[in-house]
Amino acid sequence: MQALVLEEKGKISLRDFDITESLGPDDVRIKPVAVGICGSDVHYYREGNIGEFVVREPMILGHEASGIVLEAGENVKNLKPGDRVCMEPGIPNFKSKETLQGMYNLDPDVQFWATPPVQGCLRESFVHPAGLTFKLPDNVSFHEGALVEPLAIGVYAAKKAAISTGDNALVLGAGTIGIVTALAAEASGCANVFIADVKKEKLDFVKEHYGDKITAIDLSSETVTDTLKNAGVEQVEIVFEASGSEKAFEGITDCMTPQGTIVLIGMPNAPVPIDVVAVQVKEIELKSIFRYVNIYPRVIGMIASGKMNVLPLVTKVYDFNQSLEAFEYAATLPGNEIKIMIDTGF
Amino acid sequence: MQALVLEEKGKISLRDFDITESLGPDDVRIKPVAVGICGSDVHYYREGNIGEFVVREPMILGHEASGIVLEAGENVKNLKPGDRVCMEPGIPNFKSKETLQGMYNLDPDVQFWATPPVQGCLRESFVHPAGLTFKLPDNVSFHEGALVEPLAIGVYAAKKAAISTGDNALVLGAGTIGIVTALAAEASGCANVFIADVKKEKLDFVKEHYGDKITAIDLSSETVTDTLKNAGVEQVEIVFEASGSEKAFEGITDCMTPQGTIVLIGMPNAPVPIDVVAVQVKEIELKSIFRYVNIYPRVIGMIASGKMNVLPLVTKVYDFNQSLEAFEYAATLPGNEIKIMIDTGF
Amino acid sequence: MQALVLEEKGKISLRDFDITESLGPDDVRIKPVAVGICGSDVHYYREGNIGEFVVREPMILGHEASGIVLEAGENVKNLKPGDRVCMEPGIPNFKSKETLQGMYNLDPDVQFWATPPVQGCLRESFVHPAGLTFKLPDNVSFHEGALVEPLAIGVYAAKKAAISTGDNALVLGAGTIGIVTALAAEASGCANVFIADVKKEKLDFVKEHYGDKITAIDLSSETVTDTLKNAGVEQVEIVFEASGSEKAFEGITDCMTPQGTIVLIGMPNAPVPIDVVAVQVKEIELKSIFRYVNIYPRVIGMIASGKMNVLPLVTKVYDFNQSLEAFEYAATLPGNEIKIMIDTGF
Amino acid sequence: MQALVLEEKGKISLRDFDITESLGPDDVRIKPVAVGICGSDVHYYREGNIGEFVVREPMILGHEASGIVLEAGENVKNLKPGDRVCMEPGIPNFKSKETLQGMYNLDPDVQFWATPPVQGCLRESFVHPAGLTFKLPDNVSFHEGALVEPLAIGVYAAKKAAISTGDNALVLGAGTIGIVTALAAEASGCANVFIADVKKEKLDFVKEHYGDKITAIDLSSETVTDTLKNAGVEQVEIVFEASGSEKAFEGITDCMTPQGTIVLIGMPNAPVPIDVVAVQVKEIELKSIFRYVNIYPRVIGMIASGKMNVLPLVTKVYDFNQSLEAFEYAATLPGNEIKIMIDTGF
């Protein structure tokens, strides 16, 4: 079948790929309709690895997808051919200890799309467990469906934060994940959400599309303290660390209320110095997330009900036969672009 | 000073009332500007008691108020004369076991405005602890400030429910408390909020003012199951029982997800039969609230940030010198009225 | 193979039973060594049904078992032939929504041993998912292993209660489940645990075997209030309702602290009147359990470390060939017996 | 009155100290009977300061005390002259925001005994809020009462950890706080508790007095991994970091289960490098404590019921007139001593 293949570091082909998958009784066969390009796809393309995950064989890219069900296994009750769906890209061992405890994302045997040696979804069709495939309501588009994967991280971060009505939140880092986290926090009961970065173009994007909901803080010219004060907010209950930058941890508790929560989302390259005593004197709690778990129906529900307006995040769309161009563009992404989407046309 | 006095059951006067209060070091003196009429005020007026709380002496009415600080005690740092404020009407023993544990609302020694023998706030001025007095931002009006008290119940219910992003909620009972609870749930991360009742006028009010956010279910012509289904919602994670009606408890878990939560807000007149086994087979949790605690700043923050649009709840306004008329009207309140407000003009 | 078969209501045979099970890759084949008789086994024997679960075909009894692994499927890593084990008797759909959320006990498709039409474990061998089979440490006997199932309910109830160090707890009902719940609560950080009933023999059992850890309250001659007072305990944070009796719910909150927790364990035959207002004025929380989930390793750990001394619960032991006699005895169980155990001798 | 006075850095006197305190309506006057010497007392003695808290005026030492009520204010209901009691040494502003939220330990205005410029309790008598004074049951000795303060930290850490029945815990650091934390964890539902350090004498103390309950790990000759394995424990759900050592944070998550909890108790001198990604891939949660709050009655309950055997912690006792000698000894404390206690004889 046709597929977008990362042959090796730096080399992508659009070509026929020999892959046959049998449909199990609990599976569905799906053709992808829209697929977002993720930073990790680009990273494999440019570097050939992410940490210990090394591209040793040609690998199909893509893990942020929506599509249409082609075929359903005999046990599948909730899905049928023709259904519009989106999919979780990580498939756990369904009988593992972690899965039984409701944290299948932490199962060490998870098979995650487009993470070597697991094949991704940018191909004509693939087989997937029905339990990780979610129907899209009529008013949720394929583009929105393909956004569910990156949104899932933000919504899971917001869920983990256990936001109480009227909390105020600060997001550190205005990359894609920072922005979707801010959107999720805003939709989850926060009175005010702030997002801080030094990247002007990202902040401009936030101001333009979400200025009525989220307050951008340009750290190159403003301080968190002053911006909060101007907004009538003394301190925030929650900080979402979405930058992965060591610098973000300096004085991170200064603007926080006692018994506030930090959610660790960004992944720093090396251990980060944390002021334990500063954490203790406010009894701050640090929570962390790894991808997401049991969150897709929640994301879909928030989009369908209009609580999260996510289409502005799709800033550029390519056809499948333009995929190489799309990846080139994504590899040197201008600051004002957020999500590059591929319409497969299958 | 001038005050609205419940002389005895069925008899209210607008008259001079002899009351002198000294200002303690942690207190503020306040003149009320707007005061809402609560069902309990009306109940004392009509019945002369609520349960064991009996009006034996003339009692000043009113406990939902906003106002202006006239004078501040020597220890008070956060408030000064001229500040626009609203107040919690229940004053606990600040050194009680319950207060130290953060549940001052459950302190048995709470002194609650306009609950015999404690005087209410419909008078020229009163003294109040600064710790229970909250500054209103410039963009929050006195009417909104006076609404904070009834809203506090809804927001506290939503906070207790520990809503996760994308939960769906059903509110049983579309009285004032049911409506404010639905508004709070909607602003707290629910994907969909439904409110069910048989009172057509209440449901019409919801449809007119909050139809884009809350789905009204007219139980005289629709079922909960069908309405959820039409909205693409299989089951709800949270039920807010705000009717206090025994009937509401019949089959209450039917539409709920496993491990869902019921929040008990309405106060039935007698013990209510609950199907314990139905609760168990879904591992439903029942939480309950008594008034509210540590919630005012959250409510004010939600109003100030535009997350809760509450002004439509004020359906009629009277001047202080029309107070008798206001109470007469409130005592036979048409179904389309929600909150009657008195502008004191002090 | 030899099996203990409930042919129909009131008739048990020890006979050859034709049953063949293939071993899947994630399964183990086990021979049972010790099997406890549960009240539900007896109920099926005497009544032929439990609610809508009706014995229509001959059914092998037994679901509280320990045993030895005979054979392990190809994917099984943690178990090997010869391992001493105990098993969860309920097998969910591993790919269901509930399982993925960590609440496989609430999966509507659970297949539970000795619940029609599912066969039980009182037979020469059976096949079971390795993920629901747990190795017993050397210092945990087969009898203790077979007790894990009923203990699981008590430990799960204690876990759900979220006991904090120094809480005091009251267990209502001193049946087997009440006693194991009291043992679990005692081992989970409670300062004091009380157990109340009117059945003198059960209370005598508690006093004899656990008198140093649990305080028995004979409701036919003592009040809860007085007993607590004598123990220097004003109120309890937690009530475990393990009687299933409507009477237990009368005034159930009277002895509780504000924000206390009731755990609903007993299953009343009909809806029970609950005083909602009494619940609310203390902001009591009601939690409920259905069987147990993710709890076996915890129970085994508590037995292995000596934190729960459970062998006294086994009050009588029969050989497999005495099974009919064992069931006769269990069907008219004297009050001083707790758990009847069958040593299979396989 | 007679008092033990830290005149300045390095100089302690036993002398008459001029101090008069009036008894407020909510206060009690107490004479101390037993007072433990804390590391902080010794630190002020040797260094003249702890961080920014500098001894500028003569300061009475002591904050771990039990005593007898001499006099009770007019509002005090639960205490009367002659009552045996222990006291929380930190007095908050009872009307502060933090106190009303149940976290009075985080009130920035807390007045803490023997923290400059607040006077300590090693004197003939002192006045204290009744709400922070707790009656000792008859079976709790004055020495145990004086131990409640250091125990409170361990019990609060265990409470914060939200231990579930059957969790396994590892305590890093076997100083006094590490040991009391291990004792609290052991009494709070853990199946197994391990405590690791390199200080042989501390570990020997643990083995001698608590060897049946707590497993000591000598990091100079054993690894955590091996010791856990020998005990049949794969991983621990909870790590209590009680060493304050940067080294303890290296690989701290290696032995932890997914979604495990680290409680930060030790206070490192400088920011500590933390491997955020290692935390994330297991979704570890880091909680922190500052002193304790609402914990004294729980500690007293655990001692009174025999769940925590704490008297072995008192390894040496001095009379009040030997106080100088006691402090000299405490200042160069041998590793086998845990708590030095002063019997005042007042």
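As written, the chain order gives the labels A, B, C and D, with residue 1 at the start of each chain.
Methods note: a contact is a pair of C-beta atoms (placed from the backbone, for glycine too) under 8 Å apart; a residue touches a chain by one contact, two chains touch by 3 or more.
Note that this is a predicted model, so its numbers are computed, not measured.
Peer 1: Which one, B-C, B-D or C-D, has the same contacts as A-D for more than half of its contact pairs?
Peer 2: B-C
Peer 1: Could you quickly compare A-C and B-C and let me know which has more C-beta contacts?
Peer 2: Comparing A-C with B-C, the pair joined by more C-beta contacts is B-C.
Peer 1: Between chain A and chain B, what is the separation of their C-alpha centroids in Å?
Peer 2: Inter-chain centre distance comes to 39 Å.
Peer 1: At what distance in angstrom does the C-alpha mean of chain C lie from that of chain B?
Peer 2: 44
Peer 1: Note the residues in chain B that touch 2 or more other chains, in rising order.
Peer 2: Answer for chain B, listing residues that touch two or more other chains: 101, 103.
Peer 1: Write out the stretch or stretches of chain D touching chain C in their complex.
Peer 2: 137, 155, 158-159, 162-168, 184, 187-189, 191-192, 232-233, 295, 297-299, 301-302, 304-305, 307
Peer 1: Using the touch definition up top, name the residues of chain A that touch chain C in the complex.
Peer 2: 26, 94-97, 99-104, 129-131, 294
Peer 1: Show which residues of chain C lie in contact with chain B when the two form their complex.
Peer 2: Interface residues on chain C, with respect to chain B: 98, 101, 103, 105-106, 244, 258-259, 264, 266-268, 270-277, 279-290.
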